[in-house]
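Two complexes come next, and they have one chain in common, chain A, joined by chain B in the first and chain C in the second.
The block that comes next holds the complex of A and B.
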């Protein structure tokens, strides 16, 4: 029962993310989504096995604290607070997100999955989160908000992977590692290099690199 | 078995001679290696043809059983390969010395040897995958050979065009090998017996003709050929023209020999395709003023004639007419041999002229007969042979083809044979005109420029191969009757059940032709020596030293000579690809004028190039898909994802709609 609430909250955070223009707030919401995801394995009625506990802690720490921490630090360095002029407007984005969520539900119904179990909402929620992440990536201009979008995309994949937690826990755990890797990679290399090379965090400047 | 091992030993020696070019090369090691290798190769192949012995060698290739095998068909192609390769190596040792600038001498040796080894394996392989490997080895080494003078943009372009053409062929051949494997149930090539499967057999045969056609050069697959053969060093042009084109012929023959059944229409179509190719080739040869391109177009013509023979043979097989089959395949085979001999002779001769004058333009040459008398003398038999004149081999092979065409007319397949007969007659006549132009404007008349004035004969390593080939040209004509048993063996492989048909029925008339020609030659020699006998009248009028073709003018200049363009003008104006830029002369005292002529291969590159350019211009528009913004790339990913999702949603519904099983 709790997991249904958690998942519903996750889908709601998706909408919040899509509609916020303040970067600070979107980092906050992404962190909140990460915490929700981290708590999810505990509510599946699988008991408190060491694997599950370990993974929940790791996910909460990485998604809820470590990556947001890195993002905030980058934010204080570069002094931007708002996403101005996204490629797609907030209202349109909100509608697209709603449409995507609906589509995910339709699709999940048509997928050949085993019915019943605690995973009824997992597939549509995972697909909706994935789609939201993509929308964020496509619509935002600033590198930091794009990283947030990537984080949301990652959350969708993680949610999908959670369905396999009983069968392949190691696989799901490596998913967390992937998050870590992405966090460090994106922050360390991409953002620093953009601001050093172009004196700006605007990814449009990267277009100069094409041949 | 001995024959197979001899040929393999020859190939190994060639490989060795090629590998020496990688290290610190020395002509004294490489040349004997390749000459001995060629001797072994020719010996093995001749042994197989003479004794009818065959051998197989089984091994595993990439985990599949593979086989190298020697039979009369392979041997028939291996003889010209090793003959031309060996003579070419001797010729090349002087024509393109090892220490040629920019290392081209060494790379040329290496890829020349690799080409020989690749072609040996092509002719011996009896397994689809191994055959494709050998085929690619051959094709790619030929690419490097054509691009030897890659500093020249034209040569580079010719090499790339060749590479594209050969790989289109390879794609078709790969499809062919897969279908063939499905038909035989394995990669090994074994004659398919029993039940026919008309659809699959037809597709296999048509694929073979298309795929191997890119190598052989039937129109419209010939577009790469003129530039490639003109741009390569001459002894390479010789082996490409004399042997590598024949690899395409070999492929068609081999694959058709595996099939149990031949559809009726294919033979007639190939007959007409061959006739069209021959006509096209000879018309362009006539109009061409670059003498190596002229030879290349003449190769297209001869490939067309060989194609006519194969078409006739296939018609014979489709109608179970073994007389027609033997005549058709026999003519193709005889012409293949003759063409390899006289075309390599002509390319060697062209190479000698190029070596001496460094130009390929006939309009600036002339009068070489007095400056390069030995070259002119050894080249002359090749000219008579290519024009299919009586004492020489090509006359005999075209004779057999005529016999076949008339036989087809009598049996009631009139439409294709009826069209091919006048085409063949026309081709023979025009070839004679084209080579009258070739010889006349290179060797006769007065020199048209300073380079032609200073030309001189090449040294012996270049003359000896030409001499050997000239003798062979004549021998193939006079001794053609003794070739018939070998031809019969090959025909027996291609269409079982017609053993000794040609020997018993054609032997008599070929011996007659050979004897008559020999007698005429002796008679002609006697008359010649009588006419040229030392004159008894002393103090005869000294021959006035006047320029040739004075035409009655009292003070002619060299520029008033007939030019190659004006010689072929009557025919060449018919060609759509000929462009002339000339200012008309006006007034009584005209100002100086200019004349330029250019020949565009209107069914080849002249037709393809504008299309390719348009395609490239359109493809450039696709660059807009790459704007450089990360978000746009991510959008593409999103769209692809949505596409997959909607496909998954729509698929079950579509299945129901179209009534397909899920």
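The block that comes next holds the complex of A and C.
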């Protein structure tokens, strides 16, 4: 019951993400989505054994606090607050996002599910979130919002991974979270270099290499 | 031995990070490369006896790929001291640490028998090699690093989703944990087909991005074009080999499950598309480092094409992995030397390299001849046999297109290479103090000699190993 609400909220945050132009807000919303994801395993009726508690805490800390913290810190150095002139306009993006969510439901319908699990909404929501991440990645010009897109894309994959939470070795889960964290950390460093070298975070500047 | 191969480079990376003197860092790098190679040779004695329940360990396939990477790393590590001495302006610390971490992670990946561990190792490899691309610290290398990181991370994220799909396929079929490759292959009849197929497509796109298959290769020309030649060599022969191995492991699972036909069609499609795409961009390519990057796209295409054709071609695709890595190291390192000598990598400014840097010029020319399939170098053997297998086992069209593309690529590439190597001297050329020395050319000569020997003769134990590795790819756990 609660998990359906959390997943519905996740899909709604997708729409907020594509529609917002303020960078601080998009980081905030992505962090909120991370917290929802972290809480999700606790609502699946799997009990509260140590493995599940550990994963929930790790996800909330990494996705809900640490990564947003890194992204905000990268923002303090440059004075930008808004994503001006994205490659694709906000209205079109919203419509694309709605279309993608619809397509995810159709696609998920074609993949069989293990009967009896609480996972009916997981696959469509995971695919929709993945698609939203892609949309953000290709439509935004600022390096930092592209990283937010990557984070959302990873959230979609993590949501799918939760279907396997009982079976996945903790070693692999930790590895995945750690890699996400280090990945964003490295991207943060590169963003820092970009803003020093170009005096902006606009990836339009990064278009000199071509054939 | 398993842990020795992984931890030795990682500990060495830590030591290199802590070491204050550039001299010691270089010593650590070369010593580690030699020790890793020797350790690997010792470990390879037991590749046939890997227990089925092991999470980490060398089998024939992982052993072969790691052998290729270890030899390539040794070549690069022997070249590195002279290169770093030429670049006192740049921080060699991060450079050495990244190189050594890459070797440790590649050893982890090659020995991993669990798809999750493989994925973690592959992703970490991406992160470890990103600082190498930013070595020159200018705007162009920054742009290349950003593209490499972002496209690579998205690709690898898709590979993770594909891996999870296949895990769910096993979960639905009631396959028990842990989902080691061996178990997935033994119990492949239980896997849920729709999830398996969808998972393989995602894994192919994901690891294909890391390999640089068209059309997911867009980071490649930028990254290879802006890094030092030594990093290009390591990326083109090392990182791509890791991604290819990760893909092969999943292909083996899919093939055992009886979905080989489906997977092969995809692999042939991506293979031919990559070769075609590379050919289009190699014609009239003025930047010789980007030329090599497109050549790498082409050869990644040949690798997946060989697997897609199957049978003998799969074995020769694995052989080609080694041939390509060796010859690419020669090409990238000599291109790096020529770049250094002319302070440019664009055609009108770089001509007549054979007179200015005779050894590098010759090696660049010979490397070009070798990579395009001139006998008796190793790539000829693999390219010839892949074409032969395609033509004789029911893929006449694929074989014909493959040969036509190889011919067209030879012509396209020769135009640029011949102008760079011979060419008439022009007034616009810059002259830097760089001169070919023993230290900057000997590693390349060794690599090219090895590629020549491989083309003529492969020792019996290696032949057996290759045979067993191909059997694993074909679906025998």
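As a working rule, the second predicted complex is superposed on the first by the 190 of 211 C-alpha atoms of A that agree within 3 Å, B and C clash if a C-alpha of one lies under 4 Å from a C-alpha of the other, contacts with A are read in each partner's own complex, and residues count from 1 in each chain.
By our rule, a residue touches a chain if its C-beta (ideal position, glycine included) is under 8 Å from a C-beta of that chain, and two chains touch if they have at least 3 such contacts.
Fair warning: this is a prediction, and the values are worked out from it, not measured in the lab.
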Dominant contact partner of chain A by residue count, chain C or chain B: C
Partner chain in contact with A:91 - chain B first, chain C second, else both or neither: neither
First, second, both or neither for A:161, with chain B first and chain C second: second
First, second, both or neither for A:138, with chain B first and chain C second: first
Partner chain(s) touched by A:171 [first = chain B, second = chain C, both, neither]: second
Which superposed partner A:110 touches (first chain B, second chain C, both, neither): both
Set of chain A residues, in rising order, touched by both chain B and chain C: 110-111, 130, 134, 137, 146, 203, 206-209
Footprint of chain B on chain A - complex, ascending: 87, 103, 106-107, 110-111, 130-131, 134-135, 137-141, 146, 203-204, 206-210
Chain A - residues contacting chain C, complex: 110-112, 114, 130, 134, 137, 143, 146, 150, 153-154, 157, 160-161, 163-164, 167-169, 171-172, 175-176, 178-179, 182-183, 186-187, 190, 193-194, 197-198, 203, 205-209, 211
Complex interface listing, chain C residues touching chain A: 114, 116-117, 119-120, 123-124, 126-127, 130, 134, 139-140, 142-147, 149-150, 153-154, 157, 160-161, 164-165, 167-168, 171-172, 177-179, 192, 194-195, 198, 221-222, 225-226, 281, 285, 290
In the complex with chain A, residue positions of chain B that touch it: 626-631, 634-635, 637-638, 641, 645, 648-649, 652
